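Order of writing sets the chain letters: A, B, C, D and E. Residues in each chain are counted from 1.
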Amino acid sequence: MIQALASTAERDKEGDESGMRVTEHPILGGLTPGRVVQIVVDGKKIEAREGETIAAALLAAGIRVNRYTSKRHEPRGLFCGIGQCTDCVMVVNGVPNVRTCVTPVASGMVIETQHGSGGRAESDEEV
Amino acid sequence: MPRGLTVDGFPTEEELKKSPGYPSEERFKRGPVAVVECVQEIPCNPCELACPRKAIQVGVPITNLPRLDEEKCTGCGICVARCPGLAIFVVDKTYSDKEASVSFPYEYVPLPREGDVVLAVDRAGSVVCDGTVLRISNPKRNDRTAVVTIAVPKGMADEVRGIARIRGERIG
Amino acid sequence: MSVLDDDLIICRCEEITVGEIKKAIREGARDIAGIRRRTRAGMGLCQGRTCESLVLRILARELDEEAGRFHPNTARPPVLPVTFGVLAGEPDE
Amino acid sequence: MSRGADVIVVGGGVIGSAVTYYLAKEGLDVCLVDRGDVASGTSSACDGNVLATDKEPGFDSQMTLKSQLLFRDLQEELSYDFEYRQRGSTLAVEDEEQEKVARDWVSRQVAAGLPMRYVEREEVHDLEPMIADDIIGLVECASDLSLNPMALVFAFVHAAESLGARIMRFREVKGILRDAKGAVKGVDTAEGPIESKRVVLSAGVWSPFIAKTVGVDLPVIPRKGAILVSERTFVVGRRKVMEFGYLMTKFGGGCSRKVEPDMDKYGIAMVFEPTPHGNFLIGSSREFVGFDRTCTSEVLTLMARRAIRFFPAIKDVKVIRSYAGLRPYTPDHLPIVSPVDRIPGLYIATGHEGDGIGLSPITGKVISEMITGKPTSISVEPLRLDRFEKKAAGAKTTA
Amino acid sequence: MAVVGAGPAGLAAAIEAQKRGLNVLLVDMNLKAGGQLIKQIHKFFGSHEHRAGTRGIDIARDLYEEAVSSGVEVWLDAAVYAIYPGPVLEIARGILATRTASKEMVHASRVVLATGASENAVSFPGWTLPGVMGAGAAQTMINVERVLPGKRVLMVGSGNVGLIVTYQLLQAGAEVVAIVEVAPKIGGYGVHSAKVRRAGVPILTSYTVLRAFGDRQVEGAEIVAYDEHHNPIEETRQFLDVDTICIAAGLKPYAKLAALAGCELIYSPVLGGWMPVHDENMHTSVPGIYVAGDLAGVEEASTALEEGRLAGLSAAESLGKGGPDAADEKESIRERLSMLRIGPFGKARADAKSEVIKVGEKICRAG
């Protein structure tokens, strides 16, 4: 039981403040160190593991809202996780509607919460 | 009031005793034995191949309920980690004067350690008594399914089927 | 049953509600395509991948028919979003 | 046997629904019959352009202008929002050769009373910021407008219903019934006949099959047109933009385009139309392939390529869907809005090709005027069915 | 031959056909091969032939290696967005991992579609809030990405997916507060339910989720029990302190590509909804196009594997490359398939499948 305490403490040490990373796993084993890349989310620098999806990196950082809808301006996040429902889309490197659940992070990637269609104006009616 | 596997999610005593994988009380008296808690006809038979003594038979079709040949079974426990449904246990009601031992699959981290006093749970996940960890076995052939053996008061041998997971919250 | 509140969103992309779908049925929609044309349910980025089966269930219930009577929307290319650039098939400069 | 009606309208597309609306407005008991849902054929597979700019100067463009004025009224009359937007439209001119034809086009249209002008090179990007750098001029038409075609059908249908019209969906008309004297007495449907002394046939490309049941040959054939739909995205343009070469694909001749041969083979011409929902539609293609409504790889590829040529910025915008519709083509590009002289009580309203949406109000109005015996809002002579017979006869004489 | 989808069915089809002498191209839109197997960390059921007792992730790895070593050409990050008569596949390569995606046109004389299934949604007030997600999405997060989707979870649905994902959430360190099941009985295997019950997770049958609470994300859920007349029992209404709601309401075949290819569809509630009609060789109504796996009716991964083999073998046979054992081999695959469709859980699927094949025998001429 003291062991368990230690492993929780280690989590925090690794900078996983939200405690969302699955560092130890009975089947998958310990989380291999892996290369860390920096991404920028809404202007804030965040560390991500190379190869993971944007959605995973955000969840690990405690970010669950990926976008706000056009009509009701409601928050949306990860839903299907397989690139089908397109609810987790964000503006990535200036491109709107990028499916974050299937798109891997890359060093220096600039990610923004998407509002509506992510365009420079919501629709031509609102110009 | 037990409502059965499909409502409560775990088998009742009656469902278990009706199944061909459940040892007789006489067999329990003679030492460790496998308890196969597989009471639904599902297409699955690794238990059959797991046993070196062919003490578990499924046969054809593979939806047959596993049948335990309690004379052949030595309670070695190889089948415990091989059952994909984690539905096989080894119970030794002769472990000591006052205690029985129960072996069960355990796929969580962290693992308990030998000698730890743990919270033993029944099929419904309720803590029913303390248990003492006797063994943790996790050889390669188990493919990451550890088998934990704990000692519990003899009267709990038919109830205890696991331990409460060791979690951060419970520490201290 | 509260889960059928008219205000409940069914099409997550276009934010179309149960109420709007029921209204479309009252106005004559008899299939998924008819609902889509009247409400935009299924016209968004995901093209109905999430809501199609929900719309199908509402149709079946409102019209008291078997779900299997309602055909899915006609499949048309592209079945998943692809850029004009890729579709145009021109090599990148 | 269903209750009869003053008029039966066959076909619940935009033309049939407009006809139904205008007839109901005149107080007639109208019954609209469609084998499926309303707005489920060609009117659900088109764009929402109401353009005068691409019409032949003269009768053709005048008729559109009249229709555009009717739309202004309809916006008030119809309670159902059909996403009416009058933003005008532009035609993109690629080179000096096109420029010459374009300037001539503008002057002829202006002479015919259309609010058009030629936009010089310096002003091109003020009007269309996203358009390709090498576009040398634009033809602008201020009166052109856009709307949602399916919503327009629903708007007509709802208004007609509230005026007492009956809408019979999912009832297939098998043929037209005549009395002993040869006059119309109703229609035959899968669920039995419906009586009426007047029938308006407005079933688009499917009209000839029904007309044939009374021995009428309609020179209407399906011409397939495909459309690409984008995701919701940034503002690429705020109004309709077409390539000037579109006119060439529509009418043929005039001036050439510098395009790969397949572009002309499939009649590809860029048509850009923003919707109020944040996405845009890309057309267009023109093919005679019978009743095949599938989208083909070649056409979609070429349409995407042509669209990028005019709006390079959309290269990274995603296409989420395509569809194709069967436009009712006639040999002289004018619709048939006409009584059938040989069969008293039978009227034809079809053959609008790509202009059905835009011409639906004027068509509906004219048919209602014909049936109620009022003077028609526009001259209907050029729209008469017998013009084809006359032409055929004329051709024979000349030969 | 081209195979669309590198899950168990697609991989098996590709291996089988390649081994029999076809040149096989296997395409998948994801960055990793294996389909849903890459998140199946549990040991599989079935028999020895189906590699029962092996974990899904290991089966995925082995199948992929076998495919590559047998000579199958594999394109990952390759999304088939259209299929035209020919059949010709139009593929976008490099959408996910690169910024310069390109288009590839592939003409194949035989195509196996193994596009799998997608999760059914359940709608309730608040279901659009971040934190409400498919059980599959949560499973991907914990087992592939190694990130918790949340710390306190309500699972909606007690089918095998709901039960297994519940177990795996526990393994990853999350709490599952409860499983609610709208039906009066648990949907999945008893061994799975017993496993999560032992771990202390209550399974509430005849219960439903009424709403998800939260402003920007899930902060709680309200559940209620139903009586036998489907009326809520007010005194059972309760608030659960959860940050995540997982929906496990079954799967539906992902049939859009098959439909675009012109395959006749049939509605089978037992097999997940609309799916392509096929004959006993997995051949569809479109000459040269085969289907396998969840697309051909939602079942287990073991079934998908066998169907994939059958489709690959049938395609090879139709090109004269079946080999001398083709008929026998097909027979034994069919036998193994029927073994997977017996018992109380398999019977309904067996019946539904034979209904499909009965229709298929009429409209699916061999390619």
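Descriptive notes on the structure:
Heads up, the rule we're going with is that a contact is a pair of C-beta atoms (placed from the backbone, for glycine too) under 8 Å apart; a residue touches a chain by one contact, two chains touch by 3 or more.
Worth saying up front: this structure is predicted, and the values here are computed from it rather than measured.
Using mean Cα coordinates as chain centres, the one most removed from subunit B is D. Once CA atoms are averaged chain by chain and compared with the all-protein CA average, the nearest chain turns out to be C. For the pair subunit A and subunit B, the distance between C-alpha centroids works out to 40 Å. Each chain gets a centre from the mean of its Cα atoms; for subunit C and subunit E, those two points are 22 Å apart. Mean C-alpha position of subunit D lies 45 Å from that of subunit E. Listed for subunit C are residues 12, 44-45, 49-50, 76-78, 80-83, 85, 87-89, each touching two or more other chains. Touching of two or more other chains is recorded for residues 29, 55, 82, 84, 90, 105, 118, 128, 171, 173 of subunit E. Counting partner chains per residue, subunit B shows two or more touched chains at residues 107-109, 144, 167. Pairwise, the chains that make contact are A-B, A-C, A-D, A-E, B-E, C-D, C-E, D-E.
Taken together, the subunit E residues at the contact with subunit D in this complex read 82, 84, 88, 90, 105. Subunit B makes touch with subunit E in their complex at residues 5-11, 37-46, 49-50, 61-63, 82-87, 107-109, 121-126, 143-145, 161-162, 164-165, 167. Those residues of subunit C whose C-beta lies close enough to touch subunit D in the complex are 14, 27-31, 33-34, 37-38, 40, 43-45, 47, 76-78, 81-85, 87-90. The residues of subunit E lying in touch with subunit B in their complex are 42-48, 52-55, 158, 170-171, 173, 184-186, 189-201, 203, 205, 302, 339-346. Against subunit E, the residues of subunit D that register as touching in their complex are 296-297, 300.
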